[in-house]
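Labels for the chains are A, B, C, D and E, by order of writing; each one numbers its residues from 1.
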Amino acid sequence: MTPINPDQLIVQLTQWALSFLDSYPLVAVLVAILLSTVPLIAVFPGCFAITTWLERKGLARIQNRIGPNRTGPLGILQPAADGIKMLLKEDIVPKTSDRLAHFLAPVVLMVPAFTILSVLPFNRNMIPAAVDTGVILFFALGSVSTLAVFMAGWSSRNKYSLLGGMRAIAQMVSYELPLVLSGVTVIMMTGSLDTTKIVAQQQLSEWIQSSNAGLQCLGQIIGWNVFTPWGFAGFLIFFVASLAEINRCPFDLPEADSEIVAGHLTEYSGFKYALFFMSEYVSAFAINGLSTTLFLGGWSGPNIRPPWSDDPNALLIPGFVWFFAKMFALMLVMIWIRGTLPRLRVDHLMGFAWKFLLPLAIMNIFVGGFYYYAPRWHGIPVVGWPIGFLVMYLSYECIGRLNRGPKTAQRVYHYAS
Amino acid sequence: MSTETIAPREYQIYSGDDLRTNVLEISMGPQHPSTHGVFRMDVSLDGETVVKLKPVFGYLHRNHEKIAETTSYLGSMPYTDRLDYFCSMTNNWAYALAVEKMAGLAVPERAEYIRVIMAELTRLQNHASLVGFLTNDLGASGTPLLYAIREREHILDLFEWASGARMMCNYMRFGGVRNDLPSGWLAQCKKVVDDFPAFMDEFETLLTGNEIILSRCQNVGVLPRDLAINASITGPCLRASGVDYDLRKVDKYGIYDRFDFKVPLGSVGDCYDRFMIRLLEMRESVKILKQALATIPEGPVNDSKARNFRPKPAEAYGRIEGPKGELGFYLVSDGTPKPHRYHVRPPSFINLTVLEDMCLGQKIADAVIVLGSIDIVLGEVDR
Amino acid sequence: MVPLHYYLVVSAILFFVGLLGVLTRRHAIIVLIGVEIMLNAANLNFIAFWRFGPNPDLLLGQLFTLFSIAIAGAEAAVGLALVIAVYRFYKTPDLEKMTSLHE
Amino acid sequence: MLGIGILKGMVVTAKNFFGSFVNKRLLPTIQYPEAGNSVTLFSRNIPFLVYDNDEDPLGTMRCVACKICEKECPPQCIYIVMEKDANGKPAKRPKVFDIDISVCMGCQICVEVCPFESIKMDSTFELSTPDRFEGLLLKREHLLKSNTYFHKIHPDEAQEVDDRLAAKQKKPAPTPSTPAA
Amino acid sequence: MIITFSILSAIAVISALLAVRLRNLVHATLTLMAFFVALAGLFILLMAEFLAAVQILVYVGAVGILILFAIMLTQQVTGNVKEHIEAHGALWGLAGATAVLLTLLLPAILKTALPLQPVVETIDPSVRALGLNLMAPYTIALQVIALLLTAALLGAVVIAISPEKSEEEKKS
């Protein structure tokens, strides 16, 4: 028995389980598929439940109140209570609504929300679908959710949801570009679309192989893309654009409750609304997962080699712990943003995407290129790093100034004589 | 597309052989999360821009003025709390001022000081919660609103301690106040007033520099100076358009001439100015409160002739600078204990008349903010 | 492995359906949808031949399909813009009524 | 810098988030049923009638049914019927004294106009009853509460009232029999 | 393998038929999207993963939404077409299409000798080779396509923008 390596425990278990089925190959294939998809279906709705609780508690604490504390200790069972309430609520479908599209909308939104999870690398060889074109598949399926939002808005045949649907499409389509372009810089630098290669590129393998523990930890962290100029700018653009993709706080135009009641979700109640709600959070997790994979070094975190094993790649703390920690950290930042920032207006939203994020993302690609060819002083990007940051900061400033226009100046107020 | 190109009343609907988009009629009805209370706006939209906006109200009409004609003068004092249920102290004071002007009653010195303190405390909590509601309309999921409400609680506890009730104080009487301040009240009030600037700094860092609020509030719902004057707008909305008119300086009612405070004026008259004027007025109110709390004298508080109060036949119009604008009471007495005519001049009702002119040509999201920035309370609008 | 004939038969049927849409329907957008279906049927053919072809590592089929998808995207954009412009002039998307050529 | 205003706002919310665990002022929520209620000693909700000693509440009731409060009450929610003793002479006791607390708005005008300090404001607020009509019409028996109770809920106001009554007791009114108008 | 192939092609054919025959336009577009997804499935079966991803990205993500926008802009929002949906010569059209199918396409497929099994059994579906090809022999084609797409983009905007609106923007 090879030494138990905590990092690969689950992988070894699945291989051990599959070894029993060698005699009938068809069943083995089926079981392999099940073993890789069922954990996704189980884990991510769990994360969704935890996040709803986190969100309500976090927002409450930001607003100096306590948040749910009646259902279970510290309100832990609040997601269960919400779930049951959603299931028991009557599912009202408006009479004039288009029955088929109204029913299909949450389904069409659920499908991409879960399929894009299969591309994310949770651990060294724990990736549900080791597809060579991982990132492109992610963006392709991500764009299908735009269609689902339209179907919801259009089929409920009410003014508010139509307005919400139209706003949602315009927003999601125009924010897909900065999202993809900021992802492109990372693909350009790693040279491959495969998510496992992207994560591997962010780990300095010779440091990890080295004997002393400090170097091993550093090896896992130093290589992250977010510490490079194009990585840092790309991460910010990616994060802001992902906020818009999943209609979260500063960009939650479609369900702007103060203007058009609940946008495309107005006519949904009961279980369908719960599906919408869940797929919004699951796609939030998926996009956070991708941004960790692209910029924050996926599953690599401060980790040392377990003392008893000689395999150089073994890790004491399993990789997916770091992966989920980073995803939840990004989720907390989203909750924090939701507690602070007001909503953008539609035309500012469009202007922000096309006139600010897009040029910045294109600029980022140039900076990436320059960084790649900038001379390095035996391995350390001495020239590329500072100039990269300088160029990105300058472009951030001047594009910002170009867009601001004269009106949003700080005003000075005089007093009556 | 600035508002000048669309004249206030005349609006074009895209027609002719152009891409005829049908105008979308939306009624942001009484049950709408962003109308403050039961208030409906019939908005017709061309795409996102507002083409026609008709405010519809009267859902909260309680026949206050007719009832006042059949109750005694003292009897309608508790009803004035229900006019603008955010600032019951200033409503009481306006009514008491009108009755005193009509019957010529004198008000003892300490009562005047108590009235100024209560009025300025109401202004603080009203402006704080208004700014909170405005950011709530902007979509900030209630965080600034809850900070404002946390501070408002301290002030409401003070009201409850003095008058017995948090919002429906019924505390002012003709010729003074109902009962003197309990012992220890002034010390607690001093503490609350001293803590307030810390909250205001936190509020301002959270809001005024915020780029999203800058881009959403500036140049939105611009109220030109002359339109404001012609439509007899009063209060912070008027001062935001740059008109120097504050009743505390103009009328010098009560003892406001003893305190030195300044009146902030806006320049453009858009949502952002109305929003900033209220923040600056809060700072001025804190200044007044500090001076009033320092120099409040001892002495009697009221001469209780409230019960069978039979004024000589006369008519009077008393007005004060309420947090929402000029709140006036017009009384005609005919010698009987019941007023012959009792009319309230509600500031938010009159400020509402210019809502359409401010919203034409703006987006639907701006119409909501412009409504929020006018600061209306439906109890006062419908009476 | 599925033999090549099946793919070709499927893409032929799809081409037939696309042609059907173009010829029988009178609404401008449905005609555009028909054209899209025909283009996709052609793409399917390219990929099928590439897969069964002698040297797939040259990736000729894939490249060709990639270019054809790009062109189809551009064509759809311009086609729909034309439909909108024509609709604004004629007030109906009905192709039967679009008979006059001059302004 | 473009995003500075937003970042400063985020810092403020972060301070509040962590402050609410530490600073009492940033978490003012009172868990109502468990952690007691926030009724202060000054809040007024519905009126109640005061009697002096506990043995004979009806006997030592201060109210003499002069119906001033019934006239002065703005929403007219008090209903009084004078008690007639054996030979038809009005005894100074209300036979019926109802207050419809679904109408009463707690404005305390009845307390002000009552010359005999017999009606005071109570600060209980758990008033909900299963039945909307009879349940909220408080009869005389429900309204009667002892002076000691009055001292418990509003100590300084009760003390003032007792001093005033004592002062009136020492210098009897010139015509002791008729109550002051 | 054969089962997935038959399911996917069945979905493709049925949704294509529906996309063409349905009276309600928005339903037609939604079934068209189903058709595109089924086709992407077929591409994956033929080991062309990158193509499948691009197909979904371009067609379902962009062209589908474009058609929906076009429908929204050209007629009342519900999308169902009141007037008669068949063109005049519908029957002749049907006859012509079937003639094309039966005389040209099917005999061509069935008669020619086609390889039953793929020549090269396994292919490693790597995108790297595709990228190198695009860069090396087909760079000019790539630049031309880029140019064409920008031209189409600008052309579409110029055609679609309403004449009044452009003057009015200039005026105000």
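Here is the rule we go by: a residue touches a chain if its C-beta (ideal position, glycine included) is under 8 Å from a C-beta of that chain, and two chains touch if they have at least 3 such contacts.
Model, not experiment: these values are computed from the prediction.
Centroid distances built from C-alpha atoms place D farthest away from chain A. For chain C, the chain with the farthest CA centroid is D.
Note on interfaces B-D and A-D: more C-beta pairs are in contact across B-D. Located most centrally within the structure is A, per distance between chain CA means and the overall CA mean.
For this pair, chain B with chain C, the centres built from the Cα atoms lie 64 Å apart.
Work out the mean CA point of chain C and of chain D, and you get 82 Å between them. The geometric centre of chain C is 5 Å away from that of chain E, both derived from CA atoms. Between chain D and chain E the centroid-to-centroid distance comes to 77 Å (mean Cα coordinates, whole Å). Multi-chain contact residues of chain D (touching two or more other chains): 2, 6, 9, 12-13, 16, 26, 28.
The set of chain B residues touching two or more other chains comprises 18-19, 143, 147, 150, 206, 209-212, 214.
Those residues of chain A in touch with two or more other chains are numbered 62-65, 339-341. The touching residues of chain B, when paired with chain A in their complex, are 24-26, 32-34, 48, 135-143, 146-147, 150, 206, 209-216, 218-219, 244, 246, 249, 262-268, 272-273, 276-277, 280, 363-366, 368.
Contacts from chain E toward chain C in the complex involve residues 1-2, 5, 9, 12-13, 16-17, 19-20, 25, 28-29, 32, 35-36, 39, 42-43, 45-48, 50-51, 54-55, 58-59, 62-63, 66-67, 69-71, 73-75, 81, 83-90, 92-94, 96-98, 100-101, 105-106, 109-110, 114-120, 123, 129-130, 133-134, 138, 141, 145, 148-149, 151-153, 155-157, 159-160, 162.
Interface residues of chain E, counted against chain A in their complex, comprise 24, 26-27, 30, 33, 49-50, 52-54, 56-57, 60-62, 64-65, 68-69, 72, 77-79, 125-128. Residue ranges of chain C in contact with chain E, taken from their complex: 1-10, 12-21, 23-30, 32-34, 36-37, 40, 43-44, 47-48, 50-59, 61-63, 65-67, 69-78, 80-85, 87-88, 93-96.
If you check the complex, the residues on chain D that touch chain A are 1-2, 6, 9-10, 12-14, 16-17, 20-21, 26-29, 31.
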